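Please find one structure pasted underneath; my questions will follow.
So that you can tell them apart, the chains are marked A, B, C, D, E and F in the order they are listed, and the count of residues begins at 1 in each.
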Amino acid sequence: MHRTAIYPGTFDPITNGHLDIIKRAVKIFDTVIVAVANNVGKAPLFTIEQRVEMIKESVKGISQVEVDAFNGLIIEYCQQKGATALIRGLRAISDFEYEFQMALINRKIGKDVESVFLMPKEKYTYLSSSIIKEIAAFGGDVSCFVPDVVKRHLNDKYAETKEHA
Amino acid sequence: MHRTAIYPGTFDPITNGHLDIIKRAVKIFDTVIVAVANNVGKAPLFTIEQRVEMIKESVKGISQVEVDAFNGLIIEYCQQKGATALIRGLRAISDFEYEFQMALINRKIGKDVESVFLMPKEKYTYLSSSIIKEIAAFGGDVSCFVPDVVKRHLNDKYAETKEHA
Amino acid sequence: MHRTAIYPGTFDPITNGHLDIIKRAVKIFDTVIVAVANNVGKAPLFTIEQRVEMIKESVKGISQVEVDAFNGLIIEYCQQKGATALIRGLRAISDFEYEFQMALINRKIGKDVESVFLMPKEKYTYLSSSIIKEIAAFGGDVSCFVPDVVKRHLNDKYAETKEHA
Amino acid sequence: MHRTAIYPGTFDPITNGHLDIIKRAVKIFDTVIVAVANNVGKAPLFTIEQRVEMIKESVKGISQVEVDAFNGLIIEYCQQKGATALIRGLRAISDFEYEFQMALINRKIGKDVESVFLMPKEKYTYLSSSIIKEIAAFGGDVSCFVPDVVKRHLNDKYAETKEHA
Amino acid sequence: MHRTAIYPGTFDPITNGHLDIIKRAVKIFDTVIVAVANNVGKAPLFTIEQRVEMIKESVKGISQVEVDAFNGLIIEYCQQKGATALIRGLRAISDFEYEFQMALINRKIGKDVESVFLMPKEKYTYLSSSIIKEIAAFGGDVSCFVPDVVKRHLNDKYAETKEHA
Amino acid sequence: MHRTAIYPGTFDPITNGHLDIIKRAVKIFDTVIVAVANNVGKAPLFTIEQRVEMIKESVKGISQVEVDAFNGLIIEYCQQKGATALIRGLRAISDFEYEFQMALINRKIGKDVESVFLMPKEKYTYLSSSIIKEIAAFGGDVSCFVPDVVKRHLNDKYAETKEHA
């Protein structure tokens, strides 16, 4: 039986914490689709194309992983892809609450998709995309928190900002 | 002795979780006033009139309940109404923190009003107005989370959005 | 309508935090029964008679309060007393979890009794009977944490322990 | 590829919450081994044989499930069984902390086994074996919390206690 | 050895809770620099100059305290000032999570600066600058939450708002 | 000004997490006294002498550290030693609650001693003496969690247990 899992998120940008979760997910599922939310409301730093591209570059070499953009309700996307499970990284308490809420709501709407929580390495427990952007914006070094491709994109983005300022 | 309690909130819109709390509150208090915050800053989806109207429709038949809009500090509104207690629904941890903060601040300002926490049914533990709006915005079915009148309003609202898009 | 609430606990011994909750409860309910659990398993420091007596002494002058001992399931005791509500003090997070658990279980068993959570003064937020006993056992001063009668009983208890040692 | 997961615990006794997790796990894994800890130190209410028997009876009809007893470190048991994953039910906050601790320690010792957290139905969120025993000990009805076989065992156990008293 | 600690924040405006932490910090460190974040993104109510001025007025008489504004990463500011430690007030759970995150990130970037958490008085546990502004905006009395100078500034600010309205 | 801090605990046995906190504390204080609680009630695995000895061996080479045993209330011990601060390691949520409680109680009893919370490395966040003992009891390898001297003592202890069994 072939099992597909979806790992959804904004990934603005992808971090080493996200990558760590992806590598754990492929040990359990046959295919893992990293699904990037094309969420207009949130005003992301990177375009949906850039976010997808950075993930593709970062997961190169992990054959079971696909990267895709999605609109609308994640649970409908799961059903459309025939996914068994929805992967969530369990980072910290605030997360836990939000994840519970999402998982229970998703369960009500989409009965066949199971929320599966995986735990990243301790050193990624407190990592988030927004903290990465905050550090990068101030010129801090984010090398140990993100893949190389993201580091380059962040440098370009903030260099660009400075030039325009 | 006649005891009045205030149940304040933004109610944008009212959910089945709110209704569950109201039904519990009327077992303890003689009158329960659902007080809708006319909070300009927050940019609610529904106008204050719509929010009040949806609650009125939803609590029809529970004789001890009144619905009202209020401005300013909730604690002053309580004193003006002669309320003994401020009803709060205890949903989740993040809530708990915020509620503690509000309760302690209210206590400092208005000594005679007691914060009373009630617990909704488990299935409403993780329900919130914002999650409802998120699901509805993507065309998801919210029937089991909100009263009928709210479902109709949400449908109208998002149909309207689509027409204008 | 006359409303009765039960405030259950081990009260081994009663603290100023418990007293604070009792004083809040009588603002909302007509009668508050402080129900002392005669829980053989727990090996309390004080006998059930001593615990009841210390509470009676501490609530003297608050006319709406009754003190009683109970065996078995609290929810059955509530029904037997015709109580509308079960009072719980909300002190801290660990509490919150345990209280949720108890409230949901009680709700399943006894449909007519509502769990009502009240918040003690900030300075009692972290107070517990076991910490009081720990301090008293080491000869620390507990005057600002417990009623006088409890202080006397603790002094007697630990003096007695020393004599026997 | 055949994937085996271990679901470890004391199961003293198994509850509907545990059963709910097992049913979710079999959607994701080919074989789920319910591994009952033969933990002498903990003084369980039921013998290891009774606990295994009650689970076997409860999971009858779910073909992918095996039930077994184990001694020692769970992580070594996983490796011995060739398991990919360790299933954990995520019930509440206190749990979350403990589970994180166990998962991180297990990860340090056994690199190849992934901790996978699943979420039970809301109504089982606050359910635990110890609460079941507490209710049953006082003669409360536990029908909606445990499988029939467990209910019978609990009745026998506490009837027996009364006869000996 | 002379030890300097930095106490960073937005201080929009400073509250009695912040002052309480400062008074605790000077018992442990020789110099405490209150570092006001000149964070353009956050749209503070008060200008950086006003915020610095209010703190200076509030800490007058505590000789070991300096007040300063800073841009960029706090950890670089610490190194530039030769600080041994970064002071953080530990108020509530949500805080705890965020503080952990910041402390771990700071540690990765600036190895020599230690995050030191101090606990304010219980009555300040749930106090925050934003709650103060919310109360003041509605004309509530904030005397017991902020220093006099802040109260005056808040009154001016909201009187000004009303005049322009 | 010479500043002394006390780092109290049961240390049954000391772990790398404790050592990590000690190394952080000496950056801030001139003298750090590791104070081992001679708590008869708790039935520790190691005697007070063994616990003190293992710590002494582990901190050899850190000149500012002293190791001592104490009885009674920690806050009285602090005053007797002229300590400015009480060091606490902040590991996880449950801790946080307990630590808050202890810090507030200590503050009420001993006004001059400040509770100072330090954060261990992420990899020690979930480490505890009891988990170490659990792993060691089952013959698991604890090399990466404790100093060498502790590993040897644990091996001796559990070998001894087996011989007697």
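Methods note: contacts are C-beta pairs under 8 Å (C-beta built on N, C-alpha and C of every residue); 3 or more make two chains touch, one makes a residue touch a chain.
The shown structure was predicted, so the numbers you read here are calculated from the model rather than taken from an experiment.
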Touching both chain A and chain E we find B, F
Just grab the chain with the largest centre-to-centre distance to chain E, centres being mean Cα coordinates.
D
In terms of CA centroids, furthest away from chain C sits chain A
From the options A-F, A-D or A-E, the pair that copies B-D, where over half of the contact pairs coincide
A-F
When chain A touches chain D, do the two copies use mostly the same residue numbers, with over half shared, or different ones?
same
Centroid distance [mean C-alpha coordinates] between chain F and chain D, Å
33
Using the touch definition from the top, which residues of chain C touch two or more other chains?
93-94, 100, 104, 122, 125-126
All pairs of touching chains?
A-B, A-D, A-E, A-F, B-C, B-D, B-E, C-D, C-E, C-F, D-F, E-F
Chain D - residues contacting chain B, complex
93, 122-123, 125-126
Please give the residue numbers of chain D that touch chain A in the complex, ascending.
1, 3, 24, 27-30, 84-85, 90, 93, 96, 100, 103-104, 114-119, 122
What residues of chain C sit close enough to touch chain F in their complex?
92-94, 125-128, 131, 135, 138-141, 144-145
Would you mind writing out the residues of chain A in touch with chain B in their complex?
72-73, 75-76, 93-94, 97, 100-102, 104-105, 108-109
